[in-house]
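Both complexes shown next keep chain A, but they swap its partner, so chain B is in the first and chain C is in the second.
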Partner chain A sequence: MAENKSKKVLEEFGDKIVSQIKKGKNPEIEMTLRNLSNIIYDTKQKILKLGNKIQSRSFFNLAHSKKFLQTVEVASVIKKELLGSGKHSSLRDVFYMVKRTIPGTNINLVEDQTESDKALEDLEVITDFSREQLHVAANKMGSVAGKVIIEDKGDTIDWSKMGSGGWSIPSITDELKFKKVSAKYVLYMEKAAVFERLNEDKFWDKNNCIIISSQGQTTRGIRRMLQRLYEEHNLPIYVLCDGDIYGAYIYSVIKYGSIALAHASGRLTIPGVKYVGITMDDVIKYDLKKHFIKLDEKDYARIKQVSEYAWFKNNKDWLRQFKMMKEFGAKVEIQSLTSKGISFISEKYLPEKIKNKEFLD
Partner chain B sequence: MIKAEELALKQREISVSEFFTKNRHLLGFDSPAKAILMAVKECVDNSLDATEEMRVLPDIYVEVKQLSENRLKIIIEDNGPGIVKEQIPRVFAKLLYGSKFHSLSQKRGQQGIGVSAAVLYSQLTTGKPAVITSKIGLKQKAHHYWLHIDTVKNEPEIVKEESFDWGKDHGTKVELELEGKYQKGKQSVDEYLKQVAIVNPHAKIIYINPLNEKVEYHRVTNEMPAEAQEIKPHPYGIELGILIKMLKSTESRTLSSFLQNDFSRISTVTVKEICNKANLDIKLKPEELTLQQSEILYKSIQNTKIIAPPTNCISPIGEELLIKGLKKEINADFYTAVSRSPVVYRGRPFAIEVSCAYGGDLNKETQVRLMRFANRVPLLYQQGACAITEAVQDTNWRPYGLQQSTGSLPYGPLVLVVHMASVWVPFTSESKDAIAHYEEIIKEIKLGLQECGRRLGIFIRKNVKAKEQKEKIDLFTKYIPELANSLSSLTGEKPKILEEELTKILNKNLKDLLRSIDNAEIKEEIKEEMAEKQDNKKEKKKSEVSEPKVPIKKSKKEIQTKLR
Partner chain C sequence: MAENKSKKVLEEFGDKIVSQIKKGKNPEIEMTLRNLSNIIYDTKQKILKLGNKIQSRSFFNLAHSKKFLQTVEVASVIKKELLGSGKHSSLRDVFYMVKRTIPGTNINLVEDQTESDKALEDLEVITDFSREQLHVAANKMGSVAGKVIIEDKGDTIDWSKMGSGGWSIPSITDELKFKKVSAKYVLYMEKAAVFERLNEDKFWDKNNCIIISSQGQTTRGIRRMLQRLYEEHNLPIYVLCDGDIYGAYIYSVIKYGSIALAHASGRLTIPGVKYVGITMDDVIKYDLKKHFIKLDEKDYARIKQVSEYAWFKNNKDWLRQFKMMKEFGAKVEIQSLTSKGISFISEKYLPEKIKNKEFLD
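This part shows the complex of A and B:
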C-alpha cells in the first residue's frame, strides 16, 4: 500500500496549507534549501547531503506566489491522476497535465518543463518521498548488456540476448529482480555510441562484465540500478567518460550525488565507484593529443568551479587532472581512441586499464 | 609646352562668391530639399539674433510658397532693429560680411556667410534678385532693395531701390525665390521651426507652409535670453596663424599692451612670464616680430599657466525655460532639464544643457527623438557625425529604465534636447550640421545626460514600474481561484471557502505588499548608482563572484539545471 502512503503524504501537505488559510495566515511552505550553499559533503560517508537551511515560500509574495501555486498544483495533479490508478507518468506528462493559461491573464501556470520538474523536486523534499514513489519517472535513456538474468513485472529477461541495442533500462529500477548475476564487474559509459561499439565487439562476453550506458548525465533509474548491483551483488563499478570536466562531474554524481538531488543521495550514490578513463595521462600514453578539442571560456570557468567543490577540492589525483586539462588547454572524447583502430578500446585500452587497476578514485 | 607666362594669364584670384558658386554643398545647399531649409534657417537665425541684440521679443513671420513644381518663394519678416540703408546691400549681397565673425560672443550665426549664401543660391537657381525691406525707426521711411551679388567681385549689385512708408515701427523682411523642394518630416522647415520654438520660448513665430497650413508657435515667456558678453579671445584658443595676423593688425604699440589688451586673462605678471620664457622684450612693436619670434611667442603662451576665460559670455537657456519650451510643443507625462555651469575647451567657454520629455503622446516603440542645438539653432542634418549623438550613444540608458543596445540610441517615448551654448561652436563643416568631437565637450554632454537620466529613471520607476507592480498585485486575484481549486482537489475542502479566506488575507496584506514594492525600488536605485560608477570608471571588470553558467554539452541537461 505504498501508493496510499504517497497519497496521504500529499494530502497532509495540502491540509497544512488549508489550516494556515483558515487561520487567516499568509500560507507558507517550508522546505530544505536546495542549492550549493546548503550542500554538505559528508566526508565519512562520502556522499552529498542537504544541510539544515530552510527556505520558506509564501503565497502572497510577488516573488514566490507562482512557484507556490505550481507546487500545490503538481501535488494535486499527482494525487488525482496517478496515485490510486496505479499508473506512472513521465516528467513530460506532468508538465502537460499542469500546463494551462490562467484565466484573465496571458500567463501560463508553467511556462516550460523545468518549472514543473522543479515543483516535483520540491515535493520530494517536502514529503520525503521520491519522485518514483510519487509515480513519476524521467524519460528513459540507457541500455544494458551482460551476463545477467532479471525479472521485470513477471517477464524474465536475459541481458546477454538483447541484440545490438541492449536492453532498454526503465526509468524506475527499484522493483527489478536480479535472478542470476554471473558478471564480475560493471562498466558504465557516458556515451551510447561507445556502448554500441563494445556491444558489437561482445566486450561483456569476452571480459565477463556488464556494460551500461546512458546519454550524458546518468538518470536516476540507472544510478539506482548501479547502486543495487554494487550493494546487492558486490560488483565493482567502473566509469568511462570523455576526458573533460563534464565527464569528471558525471563520475562525481554517480559517486557522491548531485546538488539538485542531494536529498536522494542515500538511495542513489555509490561511494566505491572508480573512474577508468579517459584521463589526461591516457592522452600522453596513447598519443591522443592530435584529437584535442580546445577549451573555451566556459570550460575554464567550469573547471575552476568544479575544483572548488568540497568533494573535489581535497582529491589530489583529480586536481592533478584538472591542472593538466588547463595546461593542455584542451579536452578529448572517448571516441578519439578509435584512431588507434576500431576495436582498440575493447581489445586493448579497457582490458589493460582494468587489469592493471589504473583507476582514479 | 605651356609656358608659365601663359599659365599666369589663367591664374587669377577666385572670389569667395565664385568659390561657393561651385561648392555650394559646403554651405549646405546641396539638395533641393535642404536648400529651402537652409535659406529659411539663415534668415530666421538672423532675425532672432537681431531682435535679441535690440532686446525686443521676437515676432517672426515665415512663409514658404510654391511657385511652380520646383520653385519656391520664402518670405521672412521680423520686428528687429532693421539695417541702416547703406549697409543693406553688403549685409545681404556680400559673402563674409557681418558683425559676428570678428567678435567672440554667443550668437546663432558665426561667419557672416549664411544669409548672403541664401541670396547667392537664389540668384544661381532662379536669376531673380533678393528683395529686402528694412526700417530702422518710427519716423523713418522703409528702404526697399532688389539685390544681386556680383560673384566675380563678391560685391553687391543694386538692381532697384526705393523708399516707402511701411506700417510697422522697425524690422526687416527678406523675400527670396529659389529652386527647392518642400517636404515634411525630420529634416523639414516645419521641424526646424518647431525645434526653434522649443529652445526659444520667448519667440512668437507664425508659419505658413506651401500647403497653406498656418502654424502659430506661441510665446510662453516674456523673459529675453540673458545678454551674452563679448569676450576677447583666450590665448589658449588661438592658432599660430591667427596670432601672427593679430600681431600685424593690432592697434597696441608694445608686445606687453598687445597681450594684455587683445586677449582675455593676461595680466602684467603673465606678460612677464610669457616674454621671459620666449626671451622677447615686452616693449617690442608687435608688427615687427619676425615669424620665428612669433612662433616662440606662441609656444611660450601655450606653456604658461593662464586662468580660464570668463564664462559670463555664455547665455544658457536655463532649466525653467527649457522645460517651458518642451511643454508647449510636446505633450508628455514628464519633463526635466539640466543646465550645466559653463566650462572651457581650448580657451573657449561653453555650456551644455539637456532637457527631455517622456511619455504622453510619444511613440514607445521607436528610438528616442534626439534634438540637437548649437546656440539655440536646431541641427537637423548629419546626426550620425555629431558629438552630441556620440555622447547619447555612449551613455548607458538601461539603468534609467530605457531599452538600448550597446552603442546606439536608446528606445522609448522620449524626446531628448541637447544644447551647446558657446562663443565658438566647433562645427565639422561650414554647413553647421554637426558638432566636432572634442573630448571636453562630449564629457560635459554626458554629465548632463546622466543627470537628466537619473531624474527620468526615478520617474519611470515610480510611475511606470509601480504600475507594473500593481498589475502584479492584481495577479494575486487571478491566482487565488487557481490555488483554491488545486487545494480543493488535494484536500477535499470547498473551493469557495478557500477563495473567500484567501481574498481576506490578500486585503489584509495589501499594505505590506505595496511596501515591498517600494523596497524593490530603493534597491533599483542603488543598482543604478553602482552601474553609473562603473560606467564612469570605464572599466567593466566582470565580477567573478557569480557562478558562470555551464554550457549544455550534448545532452548533459542535468548539469545545467543543477547549477541554476
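This part shows the complex of A and C:
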C-alpha cells in the first residue's frame, strides 16, 4: 500500500531526529532548497524543477527552531491522524490540527495557515511524496464526462452516465482506478459554462473523448488526473482557454509546472499537452474581432512578464501570439464563438481544429 | 412540456408588440417594477418579493428604446436558439448571441453583459418563468452525495455510488427527476473541503441524509434543488456555514431570498430551512475560542448592515448571535472543529446538534 510507504518514510524522518538527539547532537533537517535561486527550467525535460542546492534547518538556531518544530509537528499529525487512519484532509484542517500552544509558553506553534502550508511543502521535498500521497489536498473543483469507467472507494462510476452534471472531481485523484478507457483524447477547458455546452451537445459521445473543466486555475486534483490519463492511457490532452495571456498561462502550468510547485512537477506536469485555442489566428479565421475586449495596463504587463518566462521566451509560435495580442490590443473569450451559433463550438470549431491538428505546442 | 409553455408565453409577448405596431401605436412593454422601492419583505410568507408597482417601457421614448430593443432581442434569441432547439446556455453566451450591430448604425445592441442580464431579468418578470425555465443559467458549482437516485437526460444516477467525488451539480436542476429518495434530511454546507470530510466519513450513509456543497455563495441550481427536495419530498434542510456574518447571510438568502433576485423568490426560497452551525454558542460549548479570527472594520460594518435587514431585525436569536460576534470581536470557521479531532464534526458535532434539534431559525 502507498500509505504504508509514506508512513515508513515519515517514521524514518522521525527516527533520524531522535537518534541525533540521543547522540547529543543539534537536531537537523536537510532538504532541497525551494526558493527562486534553486528553481530551474529544464530545457531537455521541458519542466520547471528544483536544482541541487541543499538547505539545512536545525533546532538550536533561533532563526530555524520554530520552522523546525512546525515541520516535525506537521509530519507527526500526518502520520498519526491521516496516514494512520487512512483519512484525508484539507490544508485548512491540517492548520487547525497543528495549531496549539507550546507548553509553558503563550506561543502558538502556527499562527497562520501559510506556516503549516510551507511545512507541508517541506515534507513533500523531504519525503519525495506528494501532498496528496500524504493525504492532504486543497479545495476540490471541476467536473468530468466521457467514455471512461472508473472505480473509486468501492464504487464503479461510469463517466458517460452522469446526466447534465458530470462526475464531481475530488481533490485527490491518485487513488481512483481507471477500469475502462474507451475515449481517444481528453479536452480540458477552463470554463464550467463551456463544459455544460459541450456536455449538453454530447460532444464527448460524438467525438469519443473525455471533457474536463474547472473554473479558472487548474486544481492539483485535475492536473494529476490529466497526467494519469496521458501517461497510463496514452491519451492526447488538449487545452481550451480564453484567447488571452491568462489562458496561455493556465496552459503553461499544465504543461511545464509552476514556480510555486516546482518541487512537484514530476507528478503534475504533462510535457506533451497541446493548446487547441482560442488563438489570435482563430479571431481572424472565425471573424471574432467584433467580440474583442480591450487590454488594460495589467494585461500588457502580464504579457510582458509571461513572454520572458524561460518556457515561453524561445517558443516562436507563442511569442507570435503574444505579439498579435499586443497589436490587436485585445483579448477574446471562448464563448464569443457562440455568436456564430449556439453549438458552433461543438459542431464546427473543435472538430475542425482537432481533425486538422491546429495546435499550439 | 414546460418548454412549450414558455415558448408560447414568449410568442404572446411578441404578438402583443406586433399588434400594437399594426395599430400604429407606440409599442410598449409593461412589467412589475424591480427596483428597491418595490422590493418588500413579506412578514407572513417570510420571503423577499416584488410589490405591485408597474413600470412601462415604450419604443418611441429616447430613454427606453435601447432597453426595449434589448428585451425584445433577448426574448427572440431565447425563443429561437434555446427553447426552439431544446438547448441551454449561460448568461455569457446569451450576451454573445444578442451582441450585434444595429443595421445602418455602428451601435451594438448590447455592449456589456449587464445589459443582456437585465433584459433576462425583465423577461423573468414579464413571463413569470424563471431564467432556468427559459434555458439560461449562471455557472455550475458544487457536489452532492447521499441516498437518492435521480434520472437526468436519460441517465439513472445513484448519488450513493459516486466514490470520493460526488455528483457534479448542473446549473439547471429544474429538469432532473427524483426516482427514489431514501434520505431523511439534507445538510447543505458552504465549503467543499467540509463536503470531502463528510463524504470520506460516509456521513450521509451513517446518518441517512444527503450532503450538498458549493463554494461560497449558493448557486441558483443548488437553491432550486434544495427547494425541490424540501417541497417535493418534505425533507428538512439544514445549513452549515462558518460562524460569521457572511455565513449568516448565505443562510438568509436560502431562507428568504435576496434583493437582486426578489422576483424569483417563489422558485428559490425555503422558509422552513434551519441553521445548524457554527454558532457563537458552539464556540463556548466546544471550546473554540483559541481558534477565533479577529473581526476587521468590514466585518463590523457588515454585521450592522445585516442586523438591520427586515428579515433579521426582529429575529431575537440571530440578533443575539450578532451581539456575541461583536462582544467576542471574532469569527470562527467550520474547520476549527478539526482541532478536536479530524472526524469530530461527523461523529459528534453534527449528530449531536441534529439529534437535539439545536438549530437557529
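Keep this in mind: the second predicted complex is superposed on the first by the 256 of 361 C-alpha atoms of A that agree within 3 Å, B and C clash if a C-alpha of one lies under 4 Å from a C-alpha of the other, contacts with A are read in each partner's own complex, and residues count from 1 in each chain.
Simple rule for what comes next: a contact is a pair of C-beta atoms (placed from the backbone, for glycine too) under 8 Å apart; a residue touches a chain by one contact, two chains touch by 3 or more.
Quick caveat: nothing in here was measured; it's all calculated off a predicted structure.
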{"item": "Touched partner set for A:F292, first chain B, second chain C, both or neither", "value": "neither"}
{"item": "Which superposed partner A:F359 touches (first chain B, second chain C, both, neither)", "value": "neither"}
{"item": "Partner chain in contact with A:Q215 - chain B first, chain C second, else both or neither", "value": "both"}
{"item": "First, second, both or neither for A:G24, with chain B first and chain C second", "value": "first"}
{"item": "Partner chain(s) touched by A:M97 [first = chain B, second = chain C, both, neither]", "value": "second"}
{"item": "Touching partner for A:S164 - first (chain B), second (chain C), both, neither", "value": "second"}
{"item": "Touching partner for A:S143 - first (chain B), second (chain C), both, neither", "value": "second"}
{"item": "Contacts on chain A seen with chain B and repeated with chain C across the two complexes", "value": "215"}
{"item": "Footprint of chain A on chain C - complex, ascending", "value": "81-82, 85, 87-90, 92-93, 96-97, 99-101, 137, 139-144, 150-157, 161-172, 175-176, 192-193, 195-197, 200-201, 215, 290-291, 333, 335-339, 342-343"}
{"item": "Chain B residues within the chain A interface of the complex", "value": "469, 472-473, 475-476, 478-479, 481-483, 486-487, 489-491, 493, 498, 501-502, 504-506, 508-509, 513, 516-517, 547-551, 553-559, 561-564"}
{"item": "Parts of chain A lying in touch with chain B, wherever the complex brings them together", "value": "10-11, 13-15, 17-18, 21-22, 24-27, 35-36, 59-62, 65-66, 68-69, 72-73, 75-76, 79-80, 102-105, 107, 109, 114, 117, 215-217, 244, 246, 249-250, 253, 258-260, 296, 298-299, 301-302, 305"}
